[in-house]
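Two complexes, one shared chain (subunit A), two partners (subunit B, subunit C).
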Partner chain A sequence: MTKKNLKLIYNNSLVGPGIFFALLFCLPLVGSNYTLAIFTMIGFYALVCIGLTMLTGYAGQISLGHAAFYGIGAYTSAYMTATLGLSPWLAILVGALISALVALLIGIPTFKLKGYYLALATLGFGIIVYTAFKELSSITGGSNGFFGIPSISLFGFEFMTDQSYFYLIWFFVFMALIFSRNIIHSRIGRGLRSIEGSEIAADAVGVNLMKYKLQIFVTSAIFTSISGSLLAHYVTFINPDLFTANTSIYFLIMVIIGGSNSIWGAIVGSATYVLLGELLKHYVPIILPNVGGEFEIVFFGLLLVLTLIYMPNGLVPQFIKIAGKRHKKERSAPIAFSIDTRATGGKTND
Partner chain B sequence: METFSQILQLLFSGLTIGAIYALIAVGFVIIYNVTGILNFAQGEFAMFGALISISLVKANLPLWLAVILSIVIVAAIGAVFERTAIHTARKSSMTTLIIITIGVSIAFRGIAILIWGTQAQTLPPFTDNTPIEFLEAVLLPQNLWAIGLSIVILIVMLYFFNYTFTGKSLTACVVNPFAARLMGINPNKMSLLAVVVSAGLGALAGTVIAPISGASYDMGMMLGIKAFVAAVVGGLTNAPAAIAGAFLIGIIEAFTEGLWSSGLKDVVSFSLLLLILFIKPEGLFAKASGKRV
Partner chain C sequence: MTNKELILSVENLTKVFGGVVAVDNVSFAINKGEIFAVIGPNGAGKTTLFNMITGVLPSSSGNVYFQGKRLTRKKPYQIAQAGITRTFQNLEVFDNMTVVENVMTGAHITMKTNILTAGLRLPTVVKEEVRTMERALQCLKDVGIADFAYEMSDKLPYGSQRLLEIARAAISKPQLILLDEPMAGLNAEESRQLVEVILKMRAEGMTFLFVEHDMETVMSISDRLVVVDNGVKIGEGTPEEIYKNPKVVAAYLGDDEAEEGVSYA
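Right after this comes the complex of A and B.
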C-alpha cells in the first residue's frame, strides 16, 4: 500500500466535512419548511446510522435491536422533562447513560455470539424493550403514547421551529462524525477493522475482541439514544410503535444502502431512505390510487437486496467512482473504502 | 375441576400455536441444514399462504382446492426467491446473507400491502367450527385441524428425510456437501428443493392459522421470529428438537397469556431465547456440542 493510499484512508482533514456542513447549514436560507423538516428527519437517522455504521461496517457485527436505544433515549427525555420537569439537557445525558449501561449489560453476553445468533439475540432484546415501552404504561403512557414533551431551550433560546431543530440535530451529527472518524483512525479503528476481516486472525495478533466490540456497541447506543432524545423533543409526542423491530431493520437498511464501510455512508443512506420514501409516498398513489399503509417498504426491501448483491459497499463508493472519473486529482474524499479485500465485500471468487 | 379445565384449555391453545410454529420452524431447519442460511423471510411464506388462499376462496374456489393451490403458489414463490436471492449471493458473508433475507422479507411484506392492502382478512374454518366440550374445556375444531395437520405433515417430513432417496440426498448435503457432490448429488438442486419444501410448509402454516387469528400483511414477522425462537431452543440443526421447541414455546406463551398478561408473552418467549443463547447456544436438546464453521 502506497503512502498516497494511506493518506486517502487516514484522511483527518476537516476540509471535506467542513465544506459539507457549511453547505448544509446554508440550506435554511433557500429551503422551505417542508425541506427543512425532511432534512431534520435525515439528521435524526444519520446520527443513529453513524454509530451503527461503525458497528456493522467496521466491526462487522450485526444489530437488529438499535430501536431499543432510540426508544430508551426518547422515553427518558420524555419522562424526565414532561413528568419530572427536569432540564432536557440533563435528560439527554441520563438517557445516554442508561443506554450505555443497558448496551454494556446486554453486550457482554451477546457479543460472545456470532452471526445468526447475534442477529437473533439483538432482535429478541429489541422486542423485549419494545414490549416494556408498551406495558410500563404508568411511565411511558403505554400504547396510547406520551403526549406533551416540552421543547429544548439553550441559554434562554427555545428550540421551537423546524429551522432551529435542523441546526441542533445536524450539529450533533457533525460532532458524531468527527468523533467517529477519530475513533476509526485510531488504534481502536484498526482493531475493529481487523475483527471485521477475520475474528480469528484479530484474536491471534492480540486484538481484544470483546473490549473493542463492547466499546463500539456502547458508543453506537449512546449516539442512538441522543438521537432518540432529540426526536422526542422535536415531535413532542412518541408512542411505542416508533421503536419496533422494523425501526431497527430500517436503520440497518440505511446503513447498508449508504455503504457500511464509510462513515459518510450513514448520511448518504439516511438521506436516500428519507428522500426516496417521500418521493414514493408522493408519486406511487398517483399511479395506484388505492394503495395505503407503508407500501414503500417493498422498494426498500428490493433496494437492500440489490445493493447487497450488486454493490455490497453501498452507494458511497459509487459516488466516489463517478467523482473520481471527473477529477482524478481531487480524490480527497475522507473515505476509507479502498482497503484491500473490502472492495469485494468479503466475497470470494469462484 | 375448574382449574383443571382451565389448564386443559390453555394447553390446547398452546398446542395449536405450537403446531403452527413447528411447521415454520421445520422449514427453518431444512433451509439452514442444506444451505447454511437462516431464512428471515420464512414467516412471510405463511403470510402469503394465508392471503393467497383467502383470495382464492373469494374467487369461489372450494376451500380445499384454495389451500392446496396457495401452497403450490407459495412453493413457486420460494423457488423464485431461492434462484434470485439466495443462489446469487450464496458466496457472500453470513452477515450479508442475513441482511439479504431480511430485505426479501420486507419486500414480500410490501408486495402484500400492494396486493391486499393493510386490512386484516379471515379465511372460513376448514370444517364446521361448533365448539366441542371436552372435560369442561371448549375445543374448536379448527384448532384440532391445526394440531392434526401439523403432526401428520411433520411425520411425513421425518419419513421423507429418513426413508426416501431424495430426502437422504438432502441429508447428505447437510452432513458433507463435498462428499455429496462426489456421490452425484447436486447441491444446487438440493438447495432449491429445500427452499421450495419449507416455503410450502410455511404456506400450510399460514392457511391453517388464518381461520383462527386472521391474516394480514404483517402477520409473517412475529410468526417467523417465534418459529426462530423455537428452532433455536431446539438447536438449529435438529428437526425433531425444533418441533419440541415449537410446542414448548407455544405452551409457555399460552400459559403466560392465560395466567399472567397477554402483553408479556413476547417478553417471556424472547427472554427464554436470550437465556438459551447466553447459556446453551447449541439448543436445549443438543446431544453433543460442536462448532459449525
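Right after this comes the complex of A and C.
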C-alpha cells in the first residue's frame, strides 16, 4: 500500500525529466549552430549548479570556490590527454577523484566554520587554486593557457561538433539530475534538509551533520569537475582566467536566481544566466557604445540583489505559482502573489 | 524496588559557567520502564542538566552512563545513536518538511541507505523508504495526529507539534526518551492527550526522563523524581516522599528556615 503513500511526498516519476529532455534533445533539429553552442554552455553550467544547489539549498552551505573544482577537472583532462596521451574518460575519472579528495581535505576544516566565514574560506581556497593554475606553468601552461586539448571519442565516435557535445553534456546533466533527485528523496535528503529545518533537532535524531555536509560537498565537487573536464575537450583551449573567483560567484548567482530549493533551479538558473548574458553582449554595446567589458558582473550583481529581495527562493517557485494559478483559475483566490519568505537558498543555517 | 534494570545513571554531574555553579554534583539513576522527572523552580539548573545528558553542553565534571556505557563527551548525534532521543521545550520540528517526513527523519539512525545507494535508488533503498514510511504513519497514529501526515509541519497546532516531536523521537525505538518541559505551552486538553500518549508508551516498555516545572503533571505521572534547586539535588523519591520532604517544600514555598541545609554555590 505505501509505495503509493511514498508518491504522495516524493515525486520520483521520470515523466517530467523525460519530457523536458526529450524536447531539449529535439533542439538540434530546429536550432542553428549558435543556438546549440549556447545550450551546450548552459549544460556545462547546469551540471555544476546541480551539485551546488544540493550544497546551498539542501545542506545550507555556501561555496565561493567551486571554480577550483571546475579547473581541476579541466586541467587534469587537458594534461592527461594532451600531454600524457591517455584516455579522456580515464582523465575525467581521475579529475573527479582528485576533486573529491581536495574537497574532502578542504571540507573537513572549513565546515567547522559557518556563514560568512565558510564563504570566505572557500573563496580563499578558490584563489589559491587559481594561483596554482597560473604558476604551475610546466603542467598548465600558466597564463598563456593550455592549447590543443584533443576531443573526446566513444567507441570510435569522435565528439567534434557542437551538436555532439550538446548531447554529451546534457546526458550528464540528465544523469546528475536524476541522481541528485534520488538523493534528495531519501534518508540522505531528509538528513540534509533537517540541517536547515533545525540543526539542533537534526543532531538529536542522530544525523551526523558534518558527515552529510562533507558528502554533499564532495558530490558537488565531482559534478563540477566532470563539467570542467568536458568543457576542456569542448573548447580545446583553457587558461586560468576561466577559473577565477568571478566564475565561482557566477555559479552561485545562477543557483540563487534559479532557486536553490529545487534541483530544477540549477537548469533554470544557468539558462537564465547564459541567455541574459548573450542578450547583454548583443544589446549593451548598441545602447551604450563606450561601456567596458565589466558590465556583466554589474548587471548580474544587481540581478542577484533583486532576486534575494523579491523572490528569495528564485525563479522556480514563481513558475510553479504561475502554473498553479492557471490550474486554480476557477477558484480565483488571490493568494498566489504572497511572497514566500521561508527558507532562502543563500542563507546560512545558523 | 524489585527486578529493576538500571538504564541511565548520572554521577556527580557538575557544570560551572565562569564562576557560577549551575549544576552542583547531581547524581541519580533511572530504571528501565520508569517515568522519571527532574523538577525544580526556574533557574534551578534543570535545563543545564538536561543539556549535559544530551551532549549539547559538555559537563565540567562527573559522568553519565547509559546501559553501562559512558556518554560523557559524546556528541548529541552519537547519544542519539546510542539510543537516547529527545523533544524540545521550544519546539524544534523540521518546518521545511511534511509531518510524515519529520517522523521519517527520526528513523535516520535505523536506516542503512547511503549517498551512493540513494543516488542510484537501488531496490533496497525503495524497500527501506516504504518500510520507514509505514512505520512513520503508524507512529503518527499512535500519538493521534495521523490526519496531518501530509501537511507541512509548521501548519500544525502547537500541541500537535509537540506530539509530532514525540513520534519523531519514538520511531527509532530508543531505550530512553528525554522530554524537555513537555507541558510548556499546552492547554488542558493538549496536556491530557500528551499524558495519555506518554503513559501508553510506558506501558509498552519505554523509559522517560523529563524536566518540568508544572508540579501537578509531574506528581501525577512520574514514578520517581529528583528535585534540584540552585543546581543542587535537594530531594529524591516517589511523589509521596517528595511531598513530605521539608527541603522541597521550602524551595517551592520559599521558607527561609527550612532552607538552611541547602548549600549555595
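Throughout what follows, the second predicted complex is superposed on the first by the 318 of 350 C-alpha atoms of A that agree within 3 Å, B and C clash if a C-alpha of one lies under 4 Å from a C-alpha of the other, contacts with A are read in each partner's own complex, and residues count from 1 in each chain.
Heads up, the rule we're going with is that contacts are C-beta pairs under 8 Å (C-beta built on N, C-alpha and C of every residue); 3 or more make two chains touch, one makes a residue touch a chain.
Keep in mind that this is a model prediction, so the values were computed, not measured.
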{"item": "Touched partner set for A:53, first subunit B, second subunit C, both or neither", "value": "neither"}
{"item": "Greater residue coverage of subunit A in the superposed arrangement, subunit B or subunit C", "value": "B"}
{"item": "A:206 touches, of subunit B and subunit C: first, second, both or neither?", "value": "second"}
{"item": "First (subunit B), second (subunit C), both or neither touched by A:127", "value": "first"}
{"item": "Contacts of A:296 with subunit B and subunit C, given as first, second, both or neither", "value": "first"}
{"item": "Partner chain(s) touched by A:229 [first = subunit B, second = subunit C, both, neither]", "value": "neither"}
{"item": "Touched partner set for A:182, first subunit B, second subunit C, both or neither", "value": "second"}
{"item": "Touching partner for A:215 - first (subunit B), second (subunit C), both, neither", "value": "second"}
{"item": "Residue ranges of subunit B touching subunit A (in the complex, touch as defined)", "value": "38, 85, 88-89, 91-96, 98-100, 102-111, 113-114, 117-118, 217, 221, 225, 228-229, 232, 236, 261, 263-264, 266-267, 270-271, 273-274, 277-278, 281"}
{"item": "Subunit A to subunit C touching residues, read off their complex", "value": "2-3, 5-6, 8-9, 12, 179-180, 182-183, 186-191, 193-194, 196-198, 200-209, 215-216, 219, 342-343"}
{"item": "Partner subunit B, residues of subunit A touching it in the complex", "value": "56, 60, 62, 64, 109-110, 112-113, 115-117, 119-121, 123-125, 127-128, 131-132, 134-135, 245-246, 249, 252-253, 256, 288, 290-305, 308-309, 312, 345-348, 350"}
{"item": "Subunit C - residues contacting subunit A, complex", "value": "54, 56, 75-78, 80-81, 85-86, 88, 92-98, 100-101, 104-106, 108-109, 111, 113-115, 118-121, 125-126, 128-130, 132-134, 137, 150, 165, 168-169, 172"}
